[in-house]
Amino acid sequence: MRTERLAAFSDGVFAIAITLLALELPRPEGDDLWHELATQWEAYAAFIVSFLTVGIIWVNHHALVDRVARADRTLLFLNLLLLMWVSLIPWPTALVADHLSNDGAEAATAVFSAVFLGMALSFSAVWVHARRAGQLTGLTAAQLAHLSRRNGRGWVFYATALGLAFVAPAASLALNFAIAVYYLLPDRAARLA
Amino acid sequence: MRTERLAAFSDGVFAIAITLLALELPRPEGDDLWHELATQWEAYAAFIVSFLTVGIIWVNHHALVDRVARADRTLLFLNLLLLMWVSLIPWPTALVADHLSNDGAEAATAVFSAVFLGMALSFSAVWVHARRAGQLTGLTAAQLAHLSRRNGRGWVFYATALGLAFVAPAASLALNFAIAVYYLLPDRAARLA
Amino acid sequence: MRTERLAAFSDGVFAIAITLLALELPRPEGDDLWHELATQWEAYAAFIVSFLTVGIIWVNHHALVDRVARADRTLLFLNLLLLMWVSLIPWPTALVADHLSNDGAEAATAVFSAVFLGMALSFSAVWVHARRAGQLTGLTAAQLAHLSRRNGRGWVFYATALGLAFVAPAASLALNFAIAVYYLLPDRAARLA
Amino acid sequence: MRTERLAAFSDGVFAIAITLLALELPRPEGDDLWHELATQWEAYAAFIVSFLTVGIIWVNHHALVDRVARADRTLLFLNLLLLMWVSLIPWPTALVADHLSNDGAEAATAVFSAVFLGMALSFSAVWVHARRAGQLTGLTAAQLAHLSRRNGRGWVFYATALGLAFVAPAASLALNFAIAVYYLLPDRAARLA
């Protein structure tokens, strides 16, 4: 399959998942609206972390797919697995919004980090397969090594956030935010690419 | 109509339907979140089967549309019928999630399999029409015959799952999962194509 | 603006609106699922009429946009008006599903037909503007006249369905279905085009 | 990153956000449907203002992206920020629909205008960055100056609407409508472009 097709379908899933995040924001019905809006800060925090994370994975996905000339069947299904994790993101985002300040905080932030970890592992699987199958073009050996390290770091970060969820849920959410900021910052290889 | 247009619109519907599946996942509100998340395994099972099935039909749809040079009016409307079944999928997925463990299990899994059967029959109709109208290009007679058999098998499988729903709903869902895995596996013609 | 851009954005709105229709289908929670599914036939009827109508307007929209070389500002905003009506369709569809068998049937089917009428009028406005501004290419005078008549007929049909809603709501819904079938049938000009 | 990619992803988010607006329209369940539909005029007003605003920002976004040859990393993330505000719009739209006629009117219209202000500021940030980085092509100095003024005016307008929300919520919504109409009207530079 030509990768334009794959990119267009993936873009659709990314665009829908990122836009659905705002649907999860609670719409308080009571009369003291300022107060009610202020008390649902967990929903805003979860929204921002998820929005940035989907945005970043979209940017990275593009940088990867742009370098793949043709997708084989394995790449197609590894990519489908990645999209499954991406499409799931609005779900743990809603769980965190509902539970960050109550007894379910550990479970909610653990599921949140686990979905991000699944996404990062799938992304790495797409990357490793494309690299091994020699489908990546236009990168030097140094760039390949650098990007492999940078991509690999992702799931170490998210696994740490997952572990942290069981002891300090809010810190786990904050770590997920910090990971997003880390990937937002300019990167040596991105400048070279 | 040029098939790029048809492909782009179809891709949109596939991408939206597959991303909406996660919206159906229940968001438990109680305090014992781990326990509540564990008891809604039916929702996860239905989600995975539906996600894989939409993913596979997207891959197959692409392989088909890529070989059609121009779409006539009949193909356009057979394709629209296929998209109608695809867009329906989140609905029986939610029914299975809600009813797999209670008295509605037969009805829910029967509707689930019936929607997949409708989708498979529409896909076959698109395929048969495109083949008869000589709109398929770049395939040998042997490949055509092989793909016709492979596509035809789909609705036999789903009809079996539909029948099974009335006696063993969970087995029917498991069969739908097995069908997805069957189509995920590499195929002789796909390798040739 | 180049019309590819306009077409891609419009396709997105059409694809989303048509896929959201199935989200409106009620998901009964009770135990006698067969019975409950059977009693919500109004929802299936409204779904099918709306799905076919959006599908047809998409096909006609494409046939139109494909013939426009460049869109001016007026065309852009008439098209936006058309998309507004299209995006509204899931809303009256849900109203009809909820009210066809109770006291709100007249209001629900009237709003349903009024939204379709608004869509047809906007479509005619796009068509008339593109024709007057000389933006349509590749059509003979006879084809132009034929298509103008065919497009013009649309809003007469929907205005009739709107009037009928106040005396016979179910007949109004049936007429909307018949209009969809009429536009599904092959057309002389479509064959020529 | 090539800007076609950026444009396609952004188009997806715009198309989804604009189509989701209609999902927020309330579906009254009672028997006196005409009466209930008439009493929810706030929802229609908020829908129309939001639909026009997203439509206009889409048109302007396109005019901008069409002139950018290649997007750098900063542009990519400023654009992502813009899309975040756009994806949020269905949320304050629902708040205004629910609260315009009760005690929460100030808060609802203030959040509504604040989201539009955030969108306008992000748009200006994209514009200013693209201009400073010399990424805009095909515009004369006079056109650049004119468009900078026109874009800059946007956030002054929305800041005024935000201030007005605290004293006259309905007037604030009306001002947001007037801003949309202002940008709908033909513009000297748009005619030149």
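Just a few scattered comments:
Just so it is clear, A, B, C and D label the chains in written order, and each chain counts residues from 1 on its own.
One rule holds in what follows: a residue touches a chain if its C-beta (ideal position, glycine included) is under 8 Å from a C-beta of that chain, and two chains touch if they have at least 3 such contacts.
A quick note: this is a predicted structure, and the numbers were derived from the prediction, not measured.
In terms of the stated touch criterion, subunit A and subunit D have no partners in common.
Comparing the residue numbers each copy contributes, subunit C and subunit D share less than half of them at their mutual interface. For subunit A, the chain whose average C-alpha position is most distant is C. Centroids of subunit B and subunit D (each the mean of its C-alpha atoms) stand 37 Å apart. Centre-to-centre, using mean CA coordinates, subunit B is 26 Å away from subunit C.
For subunit D, residues that reach two or more other chains under the stated contact definition are 8, 12, 16, 20, 23.
Chain-to-chain contact here is organised cyclically: the chains close a single ring, every chain touching exactly two others.
Chain pairs recorded as touching, per the definition above, are A-B, A-D, B-C, C-D.
Per the touch definition, subunit D reaches subunit C in the complex via residues 7-8, 11-12, 14-16, 18-23, 25, 27, 29-34, 37, 51-52, 55, 58-59, 62-63, 66, 184, 186, 190.
For subunit A in complex with subunit B, the touching residues are 1-2, 5, 8-9, 12-13, 16-17, 20, 23, 73, 76-77, 80, 83-84, 87-91, 94-95, 98-99, 102-104, 106-108, 111.
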